[in-house]
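Here's the structure we're looking at; comments come further down.
Chain lettering (A, B, C, D and E) follows the sequence in which the chains are written, and residue indices restart at 1 in each chain.
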Amino acid sequence: MQRIGVFVCHCGTNIAATVDVKKVAETLLQEPGVVYATDYQYMCSEAGQNMIKDAIKAQNLTGVVICSCSPRMHEATFRKAVAAVGMNPYMLEVANIREQCSWIHKNIEEATEKAIILGRAAVAKVHLNAPLIAGQTPVTKRALVIGGGIAGIQCALDIADAGYQVDIVEKEPTVGGKMTKIDKTFPTLDCSSCILTPKMVDVAQNENIKIYSYSEVESVKGFVGNFTVGIKRKARYVKEDICTGCGLCTEKCPQKKVPNDYNLGLDTKRAIYIPFAQAVPKVATIDADYCTMLKTGKCGVCSKICTAGAIDYTQQDEHLEEQYGAIVVATGYNPIKLDAFDEFAYSQSPDVVTSLEFERLMSASGPNGGHLVRPSDHKEPKTIVFVQCVGSRSTVECGKPYCSKICCMYTCKHAMLCREKYPDTEVYVFYIDVRTPGKNYDEFYRRAVEEYDVHYIKGMVGKVCPEGDKLKVQASDLLTNEQLHIDADMVVLAAAIEADKSARPLATLLTASMDTNDFFTEAHAKLRPVESPTAGVFLAGCAQGPKDIPETVTQAGACASKVIGLLAKDHLVGNPCVAHSDEMMCNGCSTCANVCPYGAITYETKDFSRRKDGTLMRRVASVNPAVCQGCGCCTVACPSGAMDLYGFSTKQIMSEVDAICK
Amino acid sequence: MQEAMIARAKELLADGSVSRVMGWKKGEFSYDISPAVFENADQLVDFVYDDFCGANVSKYLINESKKEGKILAFLKPCDSYSFAQLLKEHRIDREKVYVIGIPSYGKADINKIRAKGIDGVLGIKSEGTDFIVDTIYGEEKIAKFEAMSERCLTCKSKKHVDVDEMMGEEGEWNAESKRFDKVAELEAMTPDERFEFWRGELSRCIRCNACRNVCPACTCVSCVFDNPNSDINNKAAASSFEENMFHIIRAFHVAGRCTDCGECSRVCPQNIPLHLLNRKFIKDINELYGQYQAGANADEKYPMVNFTFDDCEPGIVYKRGGNQ
Amino acid sequence: MQVEEKEFKPTIVAFCCNWCSYAGADLSGTNRLQYPANVKIIRIPCSCRLNPMFILRAFQRGADGVILCGCHPGDCHYTTGNYYARRRMTLLFSMLDFLGIEKERTRVEWVSAAEGQKFAETMNDFVATVTKLGENHRLEDLRCKKQ
Amino acid sequence: MVKLNVSKLNDFFAAIAAEEKLYIPVDSADGAAFRPYEAGMEMSKACNSTRSAKDFFFPQVENLVNFKVDHNKKSIEIIDNRTEAEDFVIFGVRACDMASFEILDRVYLSDPVDSYYKNRRDHGVIVTAACGRPQETCFCTAFGIDASNPAGDVTTWFVGDDVYFKANTEKGEALVAKVAAIGESAEEKPVEDFKAGVKFMMGRLPIKDIKLDKISARGLMENFNSPIWDDEFKTCLGCGTCTFVCPTCQCFDVREFKTNEGVIRFRCWDSCMYSDFTQMSHGNNRVSQKERFRQRFMHKLVYFPNNNEGIYGCVGCGRCLRSCPQSLNIVKVAKALGGKD
Amino acid sequence: MDNMEISKEIQRISGVNPRKCMRCGKCSGTCPAYDQMEYHPHQFVNLALSGKIDKLMESKSIYTCLSCFACVERCPRGVEPANIIEAVRLWKIRQQNQNHLVADQIPAMLDEEIPQQALVSAFRKYKK
């Protein structure tokens, strides 16, 4: 039997004006288990808190009920107070007699009666309260960043700078991501490589950072602070530690007709390649789909030519397991496939390109060394049409319902660069809306229109037809209300961007939730934007939603600070109000795990034989208290009642119901 | 059929692919058949498969699959749905069970024969579309469909799920099943009429737990109603509330998992149409969340552990169903 | 008879999720928005914590109406809890209706932390509805009636 | 002996019901069931009721005592709600059920006497009815029960269009006196002929001769350790149907229900088929369903006769044969235990 | 019925929700009969939304629309402007004896330039 003390607060006149606080205290003193009841002007004041503390000591109280304002207001205050005198803080309950009683009722009799009932419910609950001790779990002081684009790089650098180990897993042979393919950045027009490659070098040289390039995450076990991650290092048939990156092999390889991914297939590379000059790690990789040696066993040119002896045709995929305390998801984006948008003739004419391809065409490291020519006949285009929102903001099946966010600005950049480098080119941009929320963004756009004379036309292109060496563009100008017919030399499509295809399976591994567009959802859209609802999993860059570079870097930094905050702790103190399963009752049906949003429930098969005559093996659930957030969904899903929630147990809630309905 | 099944069982026992057989065993009067596990070929002399093998044997496989060796189970279409649902809930080790699907053209219900005034039944022979019933008071004849159990008359599927081998012909899903007619009939009543109907039915409940214990979806190690810590445990319905409570909660716990095998109503000694409660949930789920058949698909999440962003609001209940 | 009806004050149990609706209830208090005193709130972490057993228990113990308030779908603090609660309650209410128990005695409303006004309005409306229905007889337990 | 035309039976019922509560078996959705008599009711012609007649003396749920808690006084008041039971008449009890009362009496009326049971027993008048149309599930003869001549306060025989009444006890005399008022005195001959006919039918029943003596002849331990418990009855579901329809099952559990004002202590039927039956602080003695199943049949066929001068804890009413979900029953057990030949 | 009500009715008949339109103009960009029209596909939607349906009703544009459904096909928001035209035509037909074309009069009105598809479409609608 508990010894419960009841403390009724006047809250000045806030409560006392409509609730007869004395009567509440007197009546509750009659409740079974209540050995002390009193009232005071301000329970939350220091004097009030001392009153509680003194009573606990003097009366040997085992539980406390405070009748006062909302627990959302002062529950933490009171819990701290009782903990100060050695009582478990979870032996305290607050009856809300201000917001939910005195403030909403005028009749003193009614309000007093209700306050008594609310107090009685709290007493009934305290009877069933048990001391709860928040669990502690140690933290592995190492972070994993999945994806080595600018988001991953920035995040890894920031974490490493704080002195923690970071591993980057990148599926491509080099880190750098999409930003390596970009020529210039808006709104400053500085060279993308010039600002990115130093960061890539930093990553390579940072002692705290380890890069697993050409690798993928295969499995994730564990929970916040204690993840075990399986990493597959794909065979690149080149010994990474021996290869010097001299690049000789990539010049001598006889297999020349390999589409060059780096240039988005606009030119070719060899079967052994280094993606680009500044690649990190600067190590050659053999494309097994094209290598003659790997396919037929005959060739071996690269092996002969490599003085370091780095080529190893027998290399196998390597699987390793590493421990991490936090995981950052920075899997990035890709432009969507444009197969379903044939009105723009993307598949019909090589001169219709996506914006990312256009970046390569404009780039000094691109297929034409930065000289803008049409892919079809290598002539300089005289009229270029940019089409925005290709696949974005589209509710039909082939499109994406969201705004891809970056297209307005990069299209503006492209248009401006075209006009700057080739002033005799006519540039048309067809837009639905031009969205420029960002520092110096709108100024940039206006400059394109006002100084560079880019033709911004409000309206969409209806169709593009290749005719001879021209592209007939038919579009509407909504402002002049007329239909335009433009003979263009090139058409550039601002394709919508979507989450990388690897994100969905990764989310499953991480038990992190995703929205319908395959972007990772954040724990709270406003207040916890860089955390996944799954504890210990953080989000950076376009994996969470479309973003431009500055925003990505900002988010990566924020993400790093969250990770650092986590890794800085030696132990994680959990919320003790978590679910727990009674394994004697559990039948292992997995219903609970099916509804758990956090993946906190795991199963194991245990022996429950009561006598030695046989084995009774049963599959039973167990809840990881470090992962569980205490929503209680599993407790209702569980048919046998094996699952219960500390702090809000079935019995506690039912005792409250009983007390209220009495 | 029965002979072929015994022969096949013997074959599988002989070549060591299985070490036990789950099936049905003959009783005293040819209608009182019990589910049974046969440990060896000799015991199969008592094996039967006929019009009275209504009992669903899938639930027994939970314990049987924990034992050593593989067991051969003959499953009727409805049994196989229960079996598949149990697999989904990790209750049965699939590796330990060799499933042979057997057709079922509907099982007879002795109570329906008795209700026709045929009493003192000693033996029942099948003759074409009729049963010849030998009774203490002479021989009687009854058409098979008149003796068929209600659940078989509204059979949802003659098709199996997840069998290793079929004996006899595989049937089809019966989209024309009238199984929700009675539920719809009740829904069309006024709330007062419905209340009277269910009071009349549920007040007869003796809480013998036959419905729960036979139910292949009720596989808890310990039922919440048996758990002294649950605060709602009870052994007898001591008030009309408790009569309602037990059946509401039981139906709720099996909602989305109930395969509609109809065992609950078959075994109720008080003839309470308990399957209507389960069918109500199935009907609601089908109507509100899309067609769903428990057990039919191993990968599909069942409706109670699933949701869509645009599910209907609970307020829909005020608008649909039932007269005012 | 009329007098009796006037005097009938139903017992209403309101289960409120901690993050939205309980805060919404607090807000209606802060704004001094009145609703009848027979509404008593029980705080639960999330609407998905509401076990159908709690609702039945409330009726057994003498409640005349039970209402569940949670975050709006999509706003759940635990991301998905109220979606499950929504399905559970829909089916439970439908079953109660099927058994002939007045469906208006049970209700679900989504009330955000900012909707103090809505909370008070909802409670006023619900109390009025239940008052009209009268005492709960169909799910009562005579043993729990006041002698 | 008095006889009454069947057409006048309801007049007789009305006459009794005017003075005390009368229960007669009527057809309902769950088969024949004893219901309080109301004008216009027709008596069921079924061989027996679905539930046994033990409910009248040993109901499924029975409040024993109430505790009222007064918080203000910090006191607990004990309210004994035993009251003298009203007189009542049960009409149409069969021989097997009548025999079951004798078994229940052995349990509840032996020292210490169960006052709740005795109270009802004292105030009940039992009118039995001889069986006219035994069923294949009947095996009362195996326990030496004569279905054609049941005991009870009054015995009745339904012969042709007449009902014959014979009082066996003082309580019965009073009742038969009421019949005499509207009926006529009768000869014993038709009844004797009827009895002979029934006996002939009983002799033809298929399961009448389970050899109980063979079971008894074996020692307790031999029966206990018989392999049949392992082999033949493992499909028992452990529901309590057999115990709840059984006229002789007498186990109960005492439970408490917390009301808003105190506690009701009540007893309700329990079943040895349940995992929490006779649960003790260390858990349950009978760990598996095999042991629970064995307990029930060992009790009826071995333990009870061992302690009660050879009287078996079964009366052969056959209810469990009809209601067991999986058709496992005492006959199959008895035969398996070696009573087959 | 005032214009707003007619607009609502047109929305109901066509099943088009003009509020879904994000005013990108792709419908008009893709329209092959653009220059023959007084009002263009994106305007159909806007007129239906703003309740100025009478303008459309009085315009010849509804007959110059080819019903080629290119606008429907290309619309990124699934608005289906051509269905509005279909509905407006239907509405006009329902205004008995007001604007019916008589089949015999058509040959006189024929224009070499009118595409075949438009004719077929017209005949389909107005053959009686």
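Note that in this section a contact is a pair of C-beta atoms (placed from the backbone, for glycine too) under 8 Å apart; a residue touches a chain by one contact, two chains touch by 3 or more.
From a predicted model like this one, the values you see are computed outputs, not experimental measurements.
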{"item": "Where chain B and chain D overlap in contact partners, by chain label", "value": "A, C"}
{"item": "Far-end chain from chain D, centres as C-alpha averages", "value": "E"}
{"item": "Comparison of C-D and A-B (more C-beta pairs in contact)", "value": "A-B"}
{"item": "Far-end chain from chain C, centres as C-alpha averages", "value": "E"}
{"item": "Length of the line joining the C-alpha centres of chain A and chain C, rounded to whole Å", "value": "36"}
{"item": "Whole-Å separation of chain centres (CA-atom averages), chain A against chain D", "value": "69"}
{"item": "Whole-Å gap between the CA centroids of chain C and chain E", "value": "52"}
{"item": "Mean-CA-position distance for chain E and chain B (Å)", "value": "59"}
{"item": "Residues of chain A engaged with two or more neighbouring chains", "value": "595, 637, 650, 654, 658, 661-662"}
{"item": "Of all residues in chain D, the ones touching two or more other chains", "value": "257, 260"}
{"item": "Residues within chain E bordering two or more other chains", "value": "none"}
{"item": "Full enumeration of touching chain pairs", "value": "A-B, A-C, A-D, A-E, B-C, B-D, C-D"}
{"item": "Chain A to chain C touching residues, read off their complex", "value": "70-73, 96, 98-101, 103-107, 110-111, 113-114, 117-118, 121, 513, 521, 533, 577, 595, 597, 629-633, 635-637, 645, 647-648, 650, 653-654, 656-658, 660-662"}
{"item": "Complex contacts: residues of chain C adjacent to chain A", "value": "11, 13, 18, 22-23, 25-30, 32-35, 37-38, 40-46, 48-54, 57-58, 61-63, 77-81, 84, 88, 120, 144"}
{"item": "Contact set on chain D toward chain B in their complex", "value": "29-31, 47, 50-51, 60-61, 133-136, 201, 204-207, 231-232, 234-235, 237-241, 243-245, 253, 255, 257, 266, 268-271, 274-276, 321-323, 325-329, 331-332"}
{"item": "Residues on chain B engaged by chain D in the complex (per definition of touch)", "value": "27-29, 32-37, 39, 55, 60, 119-122, 135-137, 200-201, 204, 206-210, 212-214, 222, 226, 228, 234-238, 263, 266-267, 269-272"}
{"item": "Residue numbers on chain A that touch chain E, as the complex places them", "value": "343, 389, 393-396, 399, 430, 432, 458-463, 474-478, 481, 483"}
